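Have a look at the structure that comes next, please.
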Amino acid sequence: MPETLIKVDLTQSAYDNDMVHNRWHPDIPMVATVKPGADFIVETYDWTGGFIKNNDSADDVRDIDLSIVHFLSGPIGVEGAEPGDLLVVDLLDIGAKPESQWGFNGFFSKKNGGGFLDEHFPQAQKSIWDFEGMFTKSRHVPGVRFPGLIHPGLIGCLPDPKMLETWNTREKALYDTNPERVPALATLPFGPTAHMGRLTGEAKDAAAATGARTVPPREHGGNCDIKDLSRGSKIYFPVYVPGAGLSMGDLHFSQGDGEITFCGAIEMAGWVHLKVELIKDGMAKYGIKNPIFKPSPITPKFDDHLIFEGISVDEHGGQHYLDVHIAYRQACLNAIEYLKKFGYSGAQAYSILGTAPVQGHISGVVDIPNACATLWIPTKIFEFDINPGADGPTKFLDGSIQMPLSPDL
Amino acid sequence: MPETLIKVDLTQSAYDNDMVHNRWHPDIPMVATVKPGADFIVETYDWTGGFIKNNDSADDVRDIDLSIVHFLSGPIGVEGAEPGDLLVVDLLDIGAKPESQWGFNGFFSKKNGGGFLDEHFPQAQKSIWDFEGMFTKSRHVPGVRFPGLIHPGLIGCLPDPKMLETWNTREKALYDTNPERVPALATLPFGPTAHMGRLTGEAKDAAAATGARTVPPREHGGNCDIKDLSRGSKIYFPVYVPGAGLSMGDLHFSQGDGEITFCGAIEMAGWVHLKVELIKDGMAKYGIKNPIFKPSPITPKFDDHLIFEGISVDEHGGQHYLDVHIAYRQACLNAIEYLKKFGYSGAQAYSILGTAPVQGHISGVVDIPNACATLWIPTKIFEFDINPGADGPTKFLDGSIQMPLSPDL
Amino acid sequence: MPETLIKVDLTQSAYDNDMVHNRWHPDIPMVATVKPGADFIVETYDWTGGFIKNNDSADDVRDIDLSIVHFLSGPIGVEGAEPGDLLVVDLLDIGAKPESQWGFNGFFSKKNGGGFLDEHFPQAQKSIWDFEGMFTKSRHVPGVRFPGLIHPGLIGCLPDPKMLETWNTREKALYDTNPERVPALATLPFGPTAHMGRLTGEAKDAAAATGARTVPPREHGGNCDIKDLSRGSKIYFPVYVPGAGLSMGDLHFSQGDGEITFCGAIEMAGWVHLKVELIKDGMAKYGIKNPIFKPSPITPKFDDHLIFEGISVDEHGGQHYLDVHIAYRQACLNAIEYLKKFGYSGAQAYSILGTAPVQGHISGVVDIPNACATLWIPTKIFEFDINPGADGPTKFLDGSIQMPLSPDL
Amino acid sequence: MPETLIKVDLTQSAYDNDMVHNRWHPDIPMVATVKPGADFIVETYDWTGGFIKNNDSADDVRDIDLSIVHFLSGPIGVEGAEPGDLLVVDLLDIGAKPESQWGFNGFFSKKNGGGFLDEHFPQAQKSIWDFEGMFTKSRHVPGVRFPGLIHPGLIGCLPDPKMLETWNTREKALYDTNPERVPALATLPFGPTAHMGRLTGEAKDAAAATGARTVPPREHGGNCDIKDLSRGSKIYFPVYVPGAGLSMGDLHFSQGDGEITFCGAIEMAGWVHLKVELIKDGMAKYGIKNPIFKPSPITPKFDDHLIFEGISVDEHGGQHYLDVHIAYRQACLNAIEYLKKFGYSGAQAYSILGTAPVQGHISGVVDIPNACATLWIPTKIFEFDINPGADGPTKFLDGSIQMPLSPDL
């Protein structure tokens, strides 16, 4: 087996592991260095560092301090990597930790993070998903079972000081347009809960004060939450600092396009087997600003989908101009209403859209004023038939199983 | 062969064909009636009724009066259809007219319609695509050839008066927020160029004055421009008026997700072979507001893609909040820059994204403040290798072939 | 539209069309000549030249004189083609004749042709399949409906005299090992029913006496009955005579691997739109003896199959040595027994295996003494669920619909 | 993690592990018992019990005593299983042992086992394949790299005495038709090297004398070598003895249809995570004689193939009657000739056909006298372009890398 460069002990606090960090900053020291062509293994915590438990209460989802996320493993230096290069990363394999064959999905309270449908699901809820080899199912969401399209939600290289400043400046400017908003428009640097890896003392404090939060995807990739960056895929990352500094975490057993439930996909602790290579000066050669990638030849594939449309007219009848975000929200709400006819609660249906390998397509973005988005649900993830027919839907579920909910305190 | 219910003569003006209309209004008379279970053929003009020609000038794209579109064939009545039903439509087959084995794609001038990337491509341009059986290629865009995922860009049932009023009211409200904008925020009813099918006299004038324009997708479906509503798919449409009143047009030989070039996909005149059935009271039974559909088992499938990411930071560095439209625009611009390294002009690259079966995925919509969108280009549509490699890109094209451009007058 | 080089009139005898032939011989004159790069259309009879009718009797299947088949359209000359070249044929599109939107499938009597399972189905039977755009279904085989993977069962270039002699010699040698066998071991030249195209008089008689029958696939391709030579595929044919001499026919709307029912796949009259190009000296360059091909990017794809295994122990318990033919027969018989549990007659189940896009895989050929073959049935061709479950099969069909059978006279 | 019911120590002889056996016999004691619904892990040796080494000599392939194979882990009892039931096995996941991330492929000498192409490759040869996560490549076969479609080559339940006798009787009868043949027509019971699990003393000797060899696939499944019984698939096995007695081994990282190289696919030691359930009386309910299965939703999929045809005329021009074995051999030989044009040795090309996920289809089995078989090679397993073109093939390999060969002694 290849060497495991970074190990994590799930019984230990992520803050006590100095090969982990939860902010982006060029000063975070490399924890290991590899040569181009090397393949190696990296273990990671789940994004919350173990805060969310395998139980039947959503209290942890309600109470989590979101300034602690995401706990990333790295940064790993690559010999010879220089700014302007492309770091080619092969995700050779990914898995859950043997001692932790489960994951979680949930919705944050609107008062603590919220999410895509927080107007409709304003309180903290949670579902636990057990893994059976390549498959998963949940004791809180009956009637679905599907193979995992396992991927890291978050992966990328360290920014250089200039890029870091660009991030902080533009996000602060947005934040300042409505600083009272709950949830906030952006997550700004926050020193008290920063984990800066092997930085200590004043150097740590200085970096923590300006370290970019890990929440949004940015030019380097980062928290893209792209379900198709799955095992077997190949990614080309921009390099900004000497040595590249690759970090990763936020592993997902499975996720739907959009990760609409926000308290994740099916979130898990695990390991990544990867290989790194360089394309010298690749950013200029290929005109690259954001990462590009090639998907895996080994993915769960479904040929039969039921597809829901949404347009950019909101739930209250308000007309928006080519707003794909609203169009996709409508497609998701349409799907939830449909699934309720088969016996799911709204929360369970929402949870399925967040966890199963559903596709979200930008179908039309020019037919003013309405964008059109489509949500593709693979019909075979269900243990019963959800296709429409002349006789109407069958209520397969009796409502006796529900997802834990923890009201705001 | 099944009966051809509606014929169109491409040498005749669409205005002279009374089985065609270009507005949505409940008063437009049915031009034919079929029983549930019937299959039949409907011919259609291209969306402009033949205005765009198979030549090497973009003058027609620049000069078109966009208030004339889209010329739809119908409405077709279905016996027994009542408001609240679902009309189940099987698209059994679709093809180009034998005498018209070509299509067009273009960009509108920013002064006349504009489009998704009109800041970058502000002038009228055009490319012509010839069909070779199931495949297409263009004399204006070298090095690509692909099979068609043929579909109607526009299909749906007549609205009832209440729905029509909802549409007109909400779109007018948006329009009024910035009535001077070019291009306009919405397309409002416009009588002078309305074609109301078999309505005549005062009834026609009255309907034309309030008939909804065909541009946006709406609750009934309409101009969804969903590339996956292709031949072999099955669609469930809401019914609003007795008899349903199904109309269709705007056929596309192929289109990328988003139809980002706006002057279409690969636009063509053609025919649709379809079958209709009813699910009585299906809207309530299944909780349907917008159409749902099942894709075809017979589609061009590609397993190898090159994928571009975009986030909701605009071309000028401006930070937007979870704006998928901007994120997708960035992914598209990133792809265009990449393709230029292989010798394509920006316009040619843009044209490929508008015509080829590229996918646009809503990859992340919760990681504040950045949405993440991905653009999937099938690598096998190219006659050369566009994958990245250590040696950098090869310039396969020498720039000798360009797309016609007609400057604004 | 491209030119139609060869037309057929389905109301006229194929013998009266001099652009048709039913034997392979180098002396058959070209009926048209095209340049490399040309695309054109060729119409064809069904393989029997219209002998089998769209009715509910199998008498025609029982009574047909099989020495008349297959009626091929051609040969078409390609300018510049020389022996040793590869003729590259793009099957740009294929369809049924508009006036003939149906096809047939059947089993020959063991006394007249027989077939793969003639021990089990010794009498003539027939089913008629109606086309609905890209789909087909049969009034004689309820509960299945599937899209067509349309292809020519028979296509290839004229042999030269030496190859013709090789064919005749080796097939005669086999025939002579058991000349009394019914059905015969091989089909030998037979002048009386030969149609030699534009050859007349003595030249015709001489060629007819030695013209190879069209039944088997041979080095040039010919009657390969490969379901994957479908529209959109590209084939590389060996060229043996100057001008190549491409002929084709035996169109199938759909077929299962093996064409096990022999009285065809879903046999139809129709047209092929094709394009030809040359690779000069391609046979030596690529070491080609038999045709090679690349399948279409546009095929009906199914991701869910039920798979049956068979080994080379025959129905009577006899042990054979690595005999894939017997192993596949067992897999087919196993599938038929399974389908009978859902209410199909054995004949209907056999018909499904012959017509639907089932796959036959050579799974193991080295584990002495048993070969292992597998038969893959796409589950979605059925209108009901054929998967196994704890409750056992449901008998969906009551046996009221059966396939016509005509006993031997 | 689920319990590991059977462990194997690769440093220990398989004969010393009493949870392993290498013959089929109803008297072999169960080594563990599970309840229906249980999931658990089983470790296995490679099929030779570690005889073949990761080195650069084929001596071990030449010298192996083939009477020792295959070392299977089991049998495992399932509570409540009775003769006539179906044992439903979910292959939840499969992998290589962490300490053994490699596999082997080879050809046996014609004097010791031989194989599909032993006329052409009569001497022992070997290639070693290293695993990189989900992918594999070989230092002996350059230019190919592909993801593994991991599967057990051999899995099934214990026979009852009657079935055992049927096997022994019919195979002996075949053997006796030519007892001098090398390689033999069948592998008969052979006590000296038998490993009968936990049987000891006289009981062991008695069972060893009649225990069926594990080489051929039979009614219970067994050594089917079906590449599609991969992780994620679901298999329905006939049950013959109380408790079922499920055993498995002969894991393959990847294999082409037919396993034509015989000294395996890519053979490896590893583990299987599986789940078992019962369908009571399932054999009669569904008319099951041989296992049936449903393939995995998670497999390496390739959409682009180059396909070779073969007919049942042998290498020497001999005409055979509908012999699919010979037809497939011709297709394989045709592919080998083609690949040699790109620089591969014949042995390397043969090795690719045995290891990569190539498909072998039974394309036509009724067009007397020639069967037609096709071999499908996925083009993307090659690091260069193997498609034909007007310019002829490029010799990408210079022959400096060859596969080890060990001449017969």
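Letters A, B, C and D mark the chains as written, and numbering starts fresh at 1 in each.
In the analysis below, a contact is a pair of C-beta atoms (placed from the backbone, for glycine too) under 8 Å apart; a residue touches a chain by one contact, two chains touch by 3 or more.
Source: prediction; values computed, not measured.
Participant: Between A-D and B-D, which chain pair is linked by more C-beta pairs in contact?
Facilitator: A-D
Participant: Between chain C and chain D, tell me the centre distance in angstrom, where each centre is the average of that chain's C-alpha atoms.
Facilitator: So the centre of chain C lies 32 Å away from the centre of chain D.
Participant: With centres defined as the mean C-alpha position, give me the chain A-chain D separation in Å.
Facilitator: 40
Participant: Between chain B and chain D, what distance separates the C-alpha centroids? Give it in angstrom.
Facilitator: Taking the mean C-alpha position of each chain, the two centres sit 51 Å apart.
Participant: Please output the residue numbers of chain D that touch at least 2 other chains, ranges allowed.
Facilitator: Each of 297, 301-304, 380 in chain D touches at least two other chains.
Participant: Assign the assembly's chain-to-chain touch graph to one of these shapes: line, ring, star, complete, other.
Facilitator: Looks like everything touches everything, fully connected.
Participant: Contact residues on chain C for chain B in the complex?
Facilitator: Chain C reaches chain B through residues 1, 39, 90-93, 98-99, 101, 132-135, 147, 231-232, 273, 275, 296-302, 380.
Participant: In the complex of these two chains, what residues of chain C are touching chain A?
Facilitator: My answer: residues 301-304, 380, 385.
Participant: In their shared complex, at which residues does chain C touch chain D?
Facilitator: Interface residues on chain C, with respect to chain D: 86, 115-116, 166, 170-171, 173-174, 183-187, 215-219, 221, 223-228, 236, 257-262, 277, 279-282, 285-295, 297, 303-311, 313, 317-325, 328, 330-331, 334, 337-338, 340-341, 359-374, 387-390, 392-393.
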